[in-house]
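Data first, discussion second: the structure below is written as structure tokens.
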Amino acid sequence: MRPSGRAPDALRTVSLETGVARHAEGSCRIRVGHTEVLCTASVEGRVPSFMRGKGEGWVTAEYGMLPRATHSRGDREAARGRQSGRTQEIQRLIARSLRAVVDRRAMGELAVVLDCDVLTADGGTRCAAITGAWVALHQAFEHCVLKNLISGNPIRDQVAAISCGLWKGEPVLDLDYAEDKDAQADANFVLTGKGGIVEVQGTAEGAPFSDAQLAAMLGLARTGTEALFAAQRRAIGR
Amino acid sequence: MRPSGRAPDALRTVSLETGVARHAEGSCRIRVGHTEVLCTASVEGRVPSFMRGKGEGWVTAEYGMLPRATHSRGDREAARGRQSGRTQEIQRLIARSLRAVVDRRAMGELAVVLDCDVLTADGGTRCAAITGAWVALHQAFEHCVLKNLISGNPIRDQVAAISCGLWKGEPVLDLDYAEDKDAQADANFVLTGKGGIVEVQGTAEGAPFSDAQLAAMLGLARTGTEALFAAQRRAIGR
Amino acid sequence: MRPSGRAPDALRTVSLETGVARHAEGSCRIRVGHTEVLCTASVEGRVPSFMRGKGEGWVTAEYGMLPRATHSRGDREAARGRQSGRTQEIQRLIARSLRAVVDRRAMGELAVVLDCDVLTADGGTRCAAITGAWVALHQAFEHCVLKNLISGNPIRDQVAAISCGLWKGEPVLDLDYAEDKDAQADANFVLTGKGGIVEVQGTAEGAPFSDAQLAAMLGLARTGTEALFAAQRRAIGR
Amino acid sequence: MRPSGRAPDALRTVSLETGVARHAEGSCRIRVGHTEVLCTASVEGRVPSFMRGKGEGWVTAEYGMLPRATHSRGDREAARGRQSGRTQEIQRLIARSLRAVVDRRAMGELAVVLDCDVLTADGGTRCAAITGAWVALHQAFEHCVLKNLISGNPIRDQVAAISCGLWKGEPVLDLDYAEDKDAQADANFVLTGKGGIVEVQGTAEGAPFSDAQLAAMLGLARTGTEALFAAQRRAIGR
Amino acid sequence: MRPSGRAPDALRTVSLETGVARHAEGSCRIRVGHTEVLCTASVEGRVPSFMRGKGEGWVTAEYGMLPRATHSRGDREAARGRQSGRTQEIQRLIARSLRAVVDRRAMGELAVVLDCDVLTADGGTRCAAITGAWVALHQAFEHCVLKNLISGNPIRDQVAAISCGLWKGEPVLDLDYAEDKDAQADANFVLTGKGGIVEVQGTAEGAPFSDAQLAAMLGLARTGTEALFAAQRRAIGR
Amino acid sequence: MRPSGRAPDALRTVSLETGVARHAEGSCRIRVGHTEVLCTASVEGRVPSFMRGKGEGWVTAEYGMLPRATHSRGDREAARGRQSGRTQEIQRLIARSLRAVVDRRAMGELAVVLDCDVLTADGGTRCAAITGAWVALHQAFEHCVLKNLISGNPIRDQVAAISCGLWKGEPVLDLDYAEDKDAQADANFVLTGKGGIVEVQGTAEGAPFSDAQLAAMLGLARTGTEALFAAQRRAIGR
């Protein structure tokens, strides 16, 4: 039995709420169990300088965690004066994941910044951020279509992410914090609505894992992202 | 007529919701009109080194704003690598204001960190932060009493803050963003439940103001904080 | 009796000496008791980028303290790698105070940087900085008129600042360091020659203070700034 | 045909040279084709503070690239004042990979810092760093055994890393720079001598990839790491 | 004829004034022509951690320049967030120069920090700083003797510094700013009262210089430092 | 007898190897005894902004040390977030030394960055860096001539550097680390092929030194640089 009492393939309760940030072009509050991430998409009039004149858009991401999102208070990165390696790694992952499903030619030279701020952390924050950011990005592009900034929504597919792990040797879906800290392995899968793999990041925490265990975790992840894709579609009204 | 259409002495709708941060010893989400600030109070086992051995506690504060809390996206301070002068000024104000109503001797050598993070900004964020932080702090101290860390709640009075301004020469209460940016003067008042002044910060934006105008703004502020004190008492169940 | 032995409404000896910085367009060394601040005004050919093309000038300020201006040596901010929150708060205050009496339209697109460096600190450094900076700024504008950079001096009024405090419940004028550290309240008033209030910053250090005490401190501040205005006029030769 | 003209499963020429850093307890210069990384292992008398008193050792890593290791000169991170997100991501990966094969209980409270500095970059620098760092770490532990700091070498298995990619849809082994920048997908595999997976990091650069393609890349990686393990054993004289 | 009109071996007017910083244990304002540096010596109760338990003292130095000490305003290093290479080079030189004439065994485990802040710059600021810092340090040690912190003044010799240069091929003493910027070579000599060389730093700005020119500049420097030594002795009342 | 057993005027074994950095326009690995420095010269299409439009080129340098180049591991400057004063001092020296022998008018508006990275340190790293950087720079300029970026090699003379010291009062050439740390004085001489002095930096570590000792060290330095000039000529094939 895993610590949460969930079945190995059971996802936590997921909710996606849009339009939660008054000023942003797109926004989504995602809750996966107790994990809660506020995702906003901000449309900016121009791409960064290294992208100018290419006729393409750009999507970037920033990630943060409120100091008391966690069990014990963490340092505020703004006060410490720099973002941790973990933060930078996560925000690079979020941006790559979203760019994988956007036709940047169809964006023109617009840029979108995705801000993913963790209000409460209980495991799986980077995966929740990706899943929620997709909804915020979709909403922001719809806004751009309405404003005639672009002629159609440049999103070509859905993208969502979920973590899997090995608990006492058995693959389990969607680790919460208590499970994550004792799991033998932790793997994050970023998958597309059409079934492709955008990103796999698997790490053995204790003993290395096998090819079969990797494949089993990938299988569970597909189950999980199917549910997430359905939730995303509901959130955008499809 | 002021831009918001409110009467000169009308406060925006205020709500204070406690227990909103799963992990924090105390928390309060305050909404004043569209301004929304999440305040958490984190109890730490020991005071900073300059306070050790004095038999007194310490209360400090940090303030942040989500990048898209504002009309156009602002820089993330963690990414820029430093907190702005404005941020530092505000977090020093919040901490001073709360310390003014705490009997630090009665805290023992505990420390409490107040984190005030602005989710949506529409004027008055520093005042909302102080008002909400008081509730979070109260809740955190109640938690400490229950855990037998301290023998009684060391809060000696209520404290709340409200901004006033001069609109076309007339004093008005509780400026929202649209009013604030065109006001002739902007003054923040931090007042206690027993009627004392903890902090006054008045700034002329255009023409200087008069003694009578300062007094009139202080009078409006008292009206406003009376309503805030009542809301705080409801929030903590008194 | 207050620690300095002065009467409640007695200002310390004030001197303002101009032309003390060989290279600067304007400069003033202000001494208020033992507090000594060197203020220079540097005219720069162009405004910061966010001000360009508006046909207006800009006035900004920087504040520093020599490491051994104080009783025990303080860190050098350049060595520590960042300015403290206190430093940033003060330099923002100085700049706002001076801009309040300058007709920025009449400056054209010139910028002036006011540098206020504390050589010796004995309380009231921010107030001395504002009072001295006004003289340096005036001198710099006179220089610009002589050089035909502007057609007339864009200063529209005098501005000066003084601190007041509550000592054993009684309002007193112009706190020195020994008084400041034990005062119950500390308030800085930035006032104009024509009698307007530019900035009020009052902070209760111990018990909160009353409306009457605030009004009494404001009254004392007027007495103090009258003397400062006279000294400023003598310094600029009026 | 892939750009390098190599067969899909062909590794570049690999050499591992030990004892190349005069002062370090362990060192290895690894060359994989034109990629060249200098790895040193430095034994430090004590673990970081968060590890003290646990009776366990610690292994950490730092990664750097000489400014002209690359085609066009890159910024020196020391001059820019911070390590990039990429650098931090890589050094965290190197450290995790090595810790996966070390029995930290058997280290006592020693710490080892692995420095991996890229002298020439032609793709696969993080994989080369892991593979070379293992040899440097092994040599450093042998040194500790000789000095009677520990009773036996705490390394329990080999660990090596190799990249694979998709080139025109086909899986290929060991991408050089020219291949890497145009590949559809790039995956780094960190594998152990006994066949376990320590880390998988696969990223789609263009179109997402399939489960079968991931499995094929993992198969190629095993071929590649077998050759790397043999080279490591020769380097340590087994 | 050199730009200043001075004879090749003519020093500018030098004045050394002590006791100029109210709070410091030792202080000296040195003027060499228009160059003006405020030097303070702060006695600290304990040496830095790397020196503890050795029974020796430590002398360190910090150097700064007020932003408008120069013809055109320079950046404030505290605002820019770091000290320039030039600043660090100079403060290391000042500290080495003073340590060369102090018997650190005779200091006990006291530390002295020398702060040298340039109020006006007209060439030769680092040399003036060294010459003035010696007087401040001497005064601080006398203070320590009076307070029974040490049994005798640990200064064993005088130390002073002067720049020389090549002007149209001819060696000249004590360059001012106008001369310095067009000189072919610039050399700083730090010499002791007993005739020894503590530091030589000679740099060709245009064409390299010869052994004979170096020797001639050293000869001029001795002339200059003799006058500086006499001024130092007068300043300390010998 | 000096610690190394070498005669007072004996240089360590010197080797200069060119073309060691695959991507750089010029490169040289210099070994002086155990000291080993990798020097690369990178040609950049344009000069820094303060040099634009002057029709002249620019040469700058950066210096670094691998963390384990030294006996005990040093901090990585990129991780610490800033370059030390020593690093900045050295890279300024390298750049000045090389600019002294380049006709910058003949470079056009090209810039060259010299990167000198110490792989192993055993004393004299800054001198080795200068000597090796000259070879790398020469090679880079030859490359520019071949590419028709400039019409001829703008190097007008050779430049090399060597340290000398006082060992038990006697001048000795080319200090290694063991000698350097106990020497009474340490002097670095940067000399040109035609016999001029570009830079002299002499520092007394213990007792001050005399004019005669300075002259004797300069004499030894000439012996040393003659050997270095010959090695440089061989390295560039003259």
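Every chain is named by a letter (A, B, C, D, E and F) in the order it is written, and numbering of its residues begins at 1.
Going forward, contacts are C-beta pairs under 8 Å (C-beta built on N, C-alpha and C of every residue); 3 or more make two chains touch, one makes a residue touch a chain.
Computed from a predicted structure; not experimentally measured.
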item: Joint neighbours of chain E and chain D, given as chain labels; value: F
item: Contact-graph distance - origin chain C, target chain E; value: 1
item: Chain C and chain D, separation of their C-alpha mean positions in angstrom; value: 59
item: Chain A and chain D, separation of their C-alpha mean positions in angstrom; value: 28
item: Mean-CA-position distance for chain F and chain C (Å); value: 51
item: Contacts with 2+ other chains: residues of chain E; value: 81-82
item: Pairwise touch network: line, ring, star, complete, or other; value: ring
item: Sequence of chains encountered when the ring is traversed from chain A in the direction of chain D; value: A, D, F, E, C, B
item: Chain E contact footprint on chain F (complex, rising order); value: 82, 84-86, 88-89, 91-92, 96, 100, 187, 191-192, 194-204, 207-211, 214-215, 218
item: Of chain D, residues touching chain F in the complex; value: 21-24, 27, 34, 38, 40, 42, 44, 62, 64, 66-73, 76-79, 81-83, 87, 113, 115, 117, 119-120, 122
